[in-house]
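Here's a structure for you.
Think of it as A, B, C, D, E, F, G and H in the order they're written, each chain with its own count starting at 1.
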Amino acid sequence: MDELRIKELLESVRSGKLTIENAFSKLKHLPFEDLSFAKIDHHRQIRQGIPEVVFAEGKKTEDVIAIANALYDKSKKLLITKASKEIFDGLLIKDAVYHPLSRTITANSGKKKKGHVLILSAGTSDISVAEEAAVTASFLGSKVETVFDVGVAGIHRLMGSQKSLNASKVIIVVAGMEGALPSVVGGLTDRPIIAVPTSIGYGTSLGGLTALFAMLNSCVPGIAVMNIDNGFGAGCLAHKINLLASK
Amino acid sequence: MDELRIKELLESVRSGKLTIENAFSKLKHLPFEDLSFAKIDHHRQIRQGIPEVVFAEGKKTEDVIAIANALYDKSKKLLITKASKEIFDGLLIKDAVYHPLSRTITANSGKKKKGHVLILSAGTSDISVAEEAAVTASFLGSKVETVFDVGVAGIHRLMGSQKSLNASKVIIVVAGMEGALPSVVGGLTDRPIIAVPTSIGYGTSLGGLTALFAMLNSCVPGIAVMNIDNGFGAGCLAHKINLLASK
Amino acid sequence: MDELRIKELLESVRSGKLTIENAFSKLKHLPFEDLSFAKIDHHRQIRQGIPEVVFAEGKKTEDVIAIANALYDKSKKLLITKASKEIFDGLLIKDAVYHPLSRTITANSGKKKKGHVLILSAGTSDISVAEEAAVTASFLGSKVETVFDVGVAGIHRLMGSQKSLNASKVIIVVAGMEGALPSVVGGLTDRPIIAVPTSIGYGTSLGGLTALFAMLNSCVPGIAVMNIDNGFGAGCLAHKINLLASK
Amino acid sequence: MDELRIKELLESVRSGKLTIENAFSKLKHLPFEDLSFAKIDHHRQIRQGIPEVVFAEGKKTEDVIAIANALYDKSKKLLITKASKEIFDGLLIKDAVYHPLSRTITANSGKKKKGHVLILSAGTSDISVAEEAAVTASFLGSKVETVFDVGVAGIHRLMGSQKSLNASKVIIVVAGMEGALPSVVGGLTDRPIIAVPTSIGYGTSLGGLTALFAMLNSCVPGIAVMNIDNGFGAGCLAHKINLLASK
Amino acid sequence: MDELRIKELLESVRSGKLTIENAFSKLKHLPFEDLSFAKIDHHRQIRQGIPEVVFAEGKKTEDVIAIANALYDKSKKLLITKASKEIFDGLLIKDAVYHPLSRTITANSGKKKKGHVLILSAGTSDISVAEEAAVTASFLGSKVETVFDVGVAGIHRLMGSQKSLNASKVIIVVAGMEGALPSVVGGLTDRPIIAVPTSIGYGTSLGGLTALFAMLNSCVPGIAVMNIDNGFGAGCLAHKINLLASK
Amino acid sequence: MDELRIKELLESVRSGKLTIENAFSKLKHLPFEDLSFAKIDHHRQIRQGIPEVVFAEGKKTEDVIAIANALYDKSKKLLITKASKEIFDGLLIKDAVYHPLSRTITANSGKKKKGHVLILSAGTSDISVAEEAAVTASFLGSKVETVFDVGVAGIHRLMGSQKSLNASKVIIVVAGMEGALPSVVGGLTDRPIIAVPTSIGYGTSLGGLTALFAMLNSCVPGIAVMNIDNGFGAGCLAHKINLLASK
Amino acid sequence: MDELRIKELLESVRSGKLTIENAFSKLKHLPFEDLSFAKIDHHRQIRQGIPEVVFAEGKKTEDVIAIANALYDKSKKLLITKASKEIFDGLLIKDAVYHPLSRTITANSGKKKKGHVLILSAGTSDISVAEEAAVTASFLGSKVETVFDVGVAGIHRLMGSQKSLNASKVIIVVAGMEGALPSVVGGLTDRPIIAVPTSIGYGTSLGGLTALFAMLNSCVPGIAVMNIDNGFGAGCLAHKINLLASK
Amino acid sequence: MDELRIKELLESVRSGKLTIENAFSKLKHLPFEDLSFAKIDHHRQIRQGIPEVVFAEGKKTEDVIAIANALYDKSKKLLITKASKEIFDGLLIKDAVYHPLSRTITANSGKKKKGHVLILSAGTSDISVAEEAAVTASFLGSKVETVFDVGVAGIHRLMGSQKSLNASKVIIVVAGMEGALPSVVGGLTDRPIIAVPTSIGYGTSLGGLTALFAMLNSCVPGIAVMNIDNGFGAGCLAHKINLLASK
């Protein structure tokens, strides 16, 4: 049942050809029978709060470029994650920026940033995931502060960041190996904490599963956990919470 | 270095026995040398935003009762999770309430509730975990709405809850088996979503691991995931976010 | 948007208060805004082809009895799986039958059976799952033949069942331990095969995972695989295929 | 016991040298003693319903070409899965077609197609597996319709396909990540559903195991599950069911 | 094709109604069409070398007793594994013996024992599995020697058994925990070694998987490995090898 | 080759019957041929530094009592781990002590204790394992200090123990759930650290595997890790190191 | 205690300087104190029945060549497994032979072969492992027969090999994917069966673990199982059993 | 609160502006409020006993060189693990040494070595990990002895090393495959043992997990276990223990 048919139905109601009862009955089942006009999903950002983002991993360079250009043409904004330098070089978008640490590309992410998202990471190898979270949250409109290399083996360095903890609305904690940092941070603050395990480590780090499970078992209640290396997801969630807290 | 010694040090400064440089030097290493006066942790709730809660699973009935009574005497509030009816019957606390579905006990959780936490659950067997989340968030001070039995196999029932989705500040989604509900909900709203996998299922549900992994792999970005059956943690996180959003 | 509001909208169209364009625009988003009238799910069987069935495992005896009585009152049919004898004894339904091998209860499953569903099982311990599949498919309306104890270690016994293989429309194969039977059966017939792994075995049978994985890796292409011990699901699928083949 | 010996036995019966009882006794054990004349398996397609197909993964290009040519010479039909472009270029078969999305090669798959197999896929990355299923079912003789990119995060797009669901005889649902699509589709139709998990995803997608386990745990009863990325198997099973339903 | 039809076919040959070519052609496919007369499997022991044995685990006491009595009536021999004392007390078999360490029951296992099977076990907790292997091999007709408590932490005790190693035809090595004993024994002898992991241990012993995997990875080539706690299987294999070596 | 034969060999050397070369050659292979006189292992404690200890888990009460009495008679010392109160009540040993928290029994463990073993534990539920380590190290002769409930969520409580860290020779750290405590302790001290994961936790704690893997992946180099709940092993290792450091 | 010291000891006995008691006492502990003269392990083949073999996987080409040449110089025999063509080309050994299917190199393996080892394999991809077993058993001195491509999906082909089954002393069965072949073979013969799982397969074949676990769970008692792809180990064990059976 | 502010506070005390009570109260929370002056971690080696070491795996060559040069400039010592030859060639450090077996680089590790660390390894493939442990312990200041290729399949070779066992203070045992060597060594000595599993092996070695789990389950109590391939960690721990024992 496309637009045309619904309008015809409404005209039949207006002209009296169709009783209201019958029209109602037909409309009641409408979404389950035919919604092909809804196929073009113009309203995703409105519904979910996050615009379409291009995940470049496993896609061909030329395909990513084509999708990215089309998306940018429509919305004048762009975020590509897990992007190579080749993709960036092939884009025809003037104000695009390549972030090499996190391998992300942004374009036109806006100047006005709200609230305060704090991003902590444990080891130097975790920085790429932390950066992906930072670029994402900033692209979506959040003000972001990053503090790297505050792993639990040097606990006093973390304690030196207490002022940043207090200033933040929400905190992303990125850690690989034993994944202990979110618990320690959680003991020092009442802010919502988003934990991101990374695949950094070897042997029994099991590609990040150990850090993931450690975070899910934190002795601090209520830590939000993301999939392994999912800096992008953490950035999205942090932005949503930050936005709620900064209205 | 206890309170006495710090005060002596300060008196030495006042009396001129100790130069400022030397006093500073001694103080600099203070937290790493001796902080035994900090042992009594009066300030946990202030630091972490969540008061001490009694987790009754695996503890003896008489021990839980003793801990709970002591905690209530100090703070005039109480939350016990995974509690048996025996524990409730043994408590001497007048205004304690037993919530049988979630096996929680609350006392004096306050009348004024803020904001709007929405809790959805997929199957009838997931209700106990959803209830634990509801009791927790409510105890901490959030207004809570629950909608049960809106699993993905009957997707139109979920869609009938669109008004609740829109009214909420944050949404907890509880599901076992294939754990698909958070993804579907995430496609319909821009609110932060907290997903709680349950151990409901058999065979390859692997005690809830399948639902957990499915939620961590959601095609909707930024879903916060909790440990299996961790309704309490979800309630804590939802309350923190709700509080931020309701100021 | 409830029934009332839709009818008011339609009256506004008829009376000319609302243009067709505006009415269309409002209706377009209808299913995503409010569908609370759809809450009562009368039509599940029509939509999915399988009526509501009571899964008794993990539920209290009195609850199962209450749900079962209510369901029977509405539909005059009943299927309960993983049911104890206590549940059967507590039911007030005259024509209910208890099947002890599979621990299922049926009532009023009808006399006319269609087509031919063949159910094979490997070991004597797999019979309970095979029986659950048989009771389910029969309850839904399929004619069922069962051949038990035709495991691969005595391959000539299976070959003696070639006539049954040829007569069937669809074949369910139930096996635990190494789960090899579906592959061997698949080499002897062109019928669709539904494989059900059971949790029979010890050590590296891993509670049925080994049989499950073996079936998913069958060298015979196109074998349908169910969750471990899921005789009920196999019965549902077999009935659907049998029905299609027997029209 | 080869052909010669059996014929000698039969001649001994005709000539009266051997009683019928004795001849019967000898013949009874025949298949277990010696069946070397059965070695050449001319009748596989008749027995199993699926012709020999070449699985190219892990084989050398020249070997695949040799096997494929031999097979085509005998049967004048050909299906190669997981095939590289190099294999296609090396084939001497005039009417062979290369399907790049699914990396399959078909030759002479026939014009007349029966019934209606519907193939849905969740993400753009799942298309290669969906295409393999489509090419396979079509090669075997089924009419195939494909609808891609109807993942659960945009549930209304799926609902726009209700007409296709109704028209189909059997439905293949391909999904990676959380593997939720088969459950949602299963809530909207009474057709047999074949679920194919894909290895798309990272971290806890565990190379497709999470999607697989989610599908095996679907809250919709009776979903047929295939091995990870096994589009070929899904095509075979769908064709068998479609054939039964289209007689 | 049953007995009757084969005999009719043979009569047609004798009477000349059927040419030898045609009769041969019909007979060629015989085992794949119908072999229902082969259903009664009188010849298992002849074919596989091991008589039917009753595995009591998970079966009801009365069922085990019924099966055991029937089996004993037919063959005048009996072996039941994982049997309780209740089963033994309920048996009506005069010469039955209960072996409490291994929870096995034997009857009439014969006096003449051949060859030499040596059974070593590592810890005192592994003795039950070792005993099951010993009872089984002895029941089948092998002479058995057992040496217990020769774990790798006291390597010189094992070395004191060198004479037994030299005298044996085949050696069963039973070990839990780290499963190291088969490797050490394998370094001291050229006899075939059958390794049996046990479920003894805790934590990362993973119910015996660690010992199993260690044995499969032995640095000594050619060690035969059994399923966890499968003393019965080890006894069967050892007996087969011992028999070959003692002819 | 028993004692007698070796002495005969030596006498043949003395009497000149055997050349030194030949005697040497015979002796060279001695330990691999026959060492049955070494069977009685009187010297285990001398060789391994730890006396025989009774592990009561999974053994019958009467068996444990018999073994314990025999051991005590020989060595006048006794340690039983995982012991029930019933075992203690059945022992006839006058100076035996039952330690209920760790379920251990000791007798005559000596008064003089050396060095300083520090034992830290994270949660109240980990105390039983920590106590087992404490009782073991003390029984073997080490001076032991315990500090419980210093989990990472309250990091300042741990810092208040800096003086104990400095005084110790070796530190045992016991933790369940996310297993983070050893890393944090390791950042504060240069003492050898022995980490013991416990099975405390639920869901993805996987019975202690998560804490174990986290400890093996500690960002602090050189932490010694024990099996899950293995307080006894930790006590043994700590004692060995403490002894070396306290000579 | 080296050779010199033992001889001195013996001389002291001869000269009367040392009593026999004292000499005995010193010798008793000899193997545990010092056996450095035993360091050169000339007698491995005698002790274990299998000569040193070179496992080339993961070693550098030049290292393998050096080790192989040295080994051949000493023993005039050679077996290298998992060898590349480059290694073969670099060897200076005149009678060396390269077996490309199994990537093994043999030299001077002898003409006289004993007994009868039968090697069956399921799929064409399993042939490389089967060939490794064949080359190994033949190199060690066994007569070997191979029958490839007798997978369970074409069960009558296997039955055509009944004569070979009967003629063999021991049977190696190689299979990947669902690993069902050993069970089926085990139902047809009383010979010892050695099952070798291969890593052939994808998805839930888990690199061969599924085939391995299926074989360990065979419903036929007493099947010997090897590590994944361990054709060499199977060849060693088969040879040992064949040798015992062919004396 | 930086240095300046603390000194101002102290001056306020001296000048009488601030009471001792108030000053104490401010100081009490100092480490949790502001410790930014502690950010520069000059004292890691003092606190933890191990200097900063560069872990090169997964880092870019130029980054490792930059970090290494900076570290060397500050401390005049250097250890890089998992280093390529390219890194070594790019370093400007005169006295740097490349250890190819273990892929480590050291500079200026000092001449005076203390105590005695014994390092044993099982197979030739385990040598790289053993060497990493040896280089590390030696760099930190320990005297190191290595004995390679003493696997359990040739147990008498190990016994020839008894003198080295006796001379050592602490023993590192490196083994892959079944990981049995630490148990055997533990039966022969009372020294603390540090077990290092390696990833050497295939199939069920599971990348070293099997050896790891075997070591954690050793029947010898108190073996310290490291992560897979973690020679560096073993070297650190051995050095710490050796240092304590050699004071």
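Brief remarks on what is shown
By definition in this document, contacts are C-beta pairs under 8 Å (C-beta built on N, C-alpha and C of every residue); 3 or more make two chains touch, one makes a residue touch a chain.
Just so we're clear, the structure is a prediction, and the values are computed from it rather than from any experiment.
Superposition angle, subunit A onto subunit D, using Cα atoms only: 90 degrees, a multiple of 5 between 0 and 180. For the self-contact between subunit E and subunit F, the two sides draw on mostly distinct residue numbers; the shared fraction is below half.
Of the pairs listed in A-H, F-G or G-H, the one whose interface repeats that of A-C, with over half of its contact pairs matching by residue number, is F-G. Separating the CA-averaged centres of subunit D and subunit F is a span of 58 Å. One inter-chain figure worth recording: subunit E and subunit H are separated by 49 Å, centre to centre, where each centre is the mean of the chain's CA atoms. Remark: subunit D and subunit G have CA centroids separated by 38 Å (rounded to whole angstrom). Counting partners per residue, subunit H has 31-32, 35, 37-38, 48, 153-154, 156, 159, 186-188, 203-204, 209, 212, 216-217, 220, 227, 230 as the residues that reach two or more other chains.
You'll find the chains touch as A-B, A-C, A-D, A-F, A-H, B-C, B-D, B-F, B-H, C-D, C-E, C-G, D-E, D-G, E-F, E-G, E-H, F-G, F-H, G-H.
The touching residues of subunit E, counted against subunit D in their complex, run 3, 6-7, 10-11, 13-14, 16, 20, 23-24, 27-28, 30-31, 35, 37-38.
Within the complex, the subunit A residues that touch subunit B are 31-32, 46-50, 53, 156, 159, 169-170, 186-192, 194, 212, 216-217, 220-227, 230, 232-237, 239-241, 244-245, 247. Contact residues of subunit A toward subunit F in the complex are 122-123, 151-155, 177-180, 183-184, 186-188, 201, 203-206, 209-220.
Chain contact summary for the complex, subunit F toward subunit B: residues 125, 153-154, 156-157, 159-163, 188, 200, 202-204. Those residues of subunit F lying in contact with subunit E across their complex are 31-39, 41, 44, 48, 57-59, 199, 207-209, 212, 227-230.
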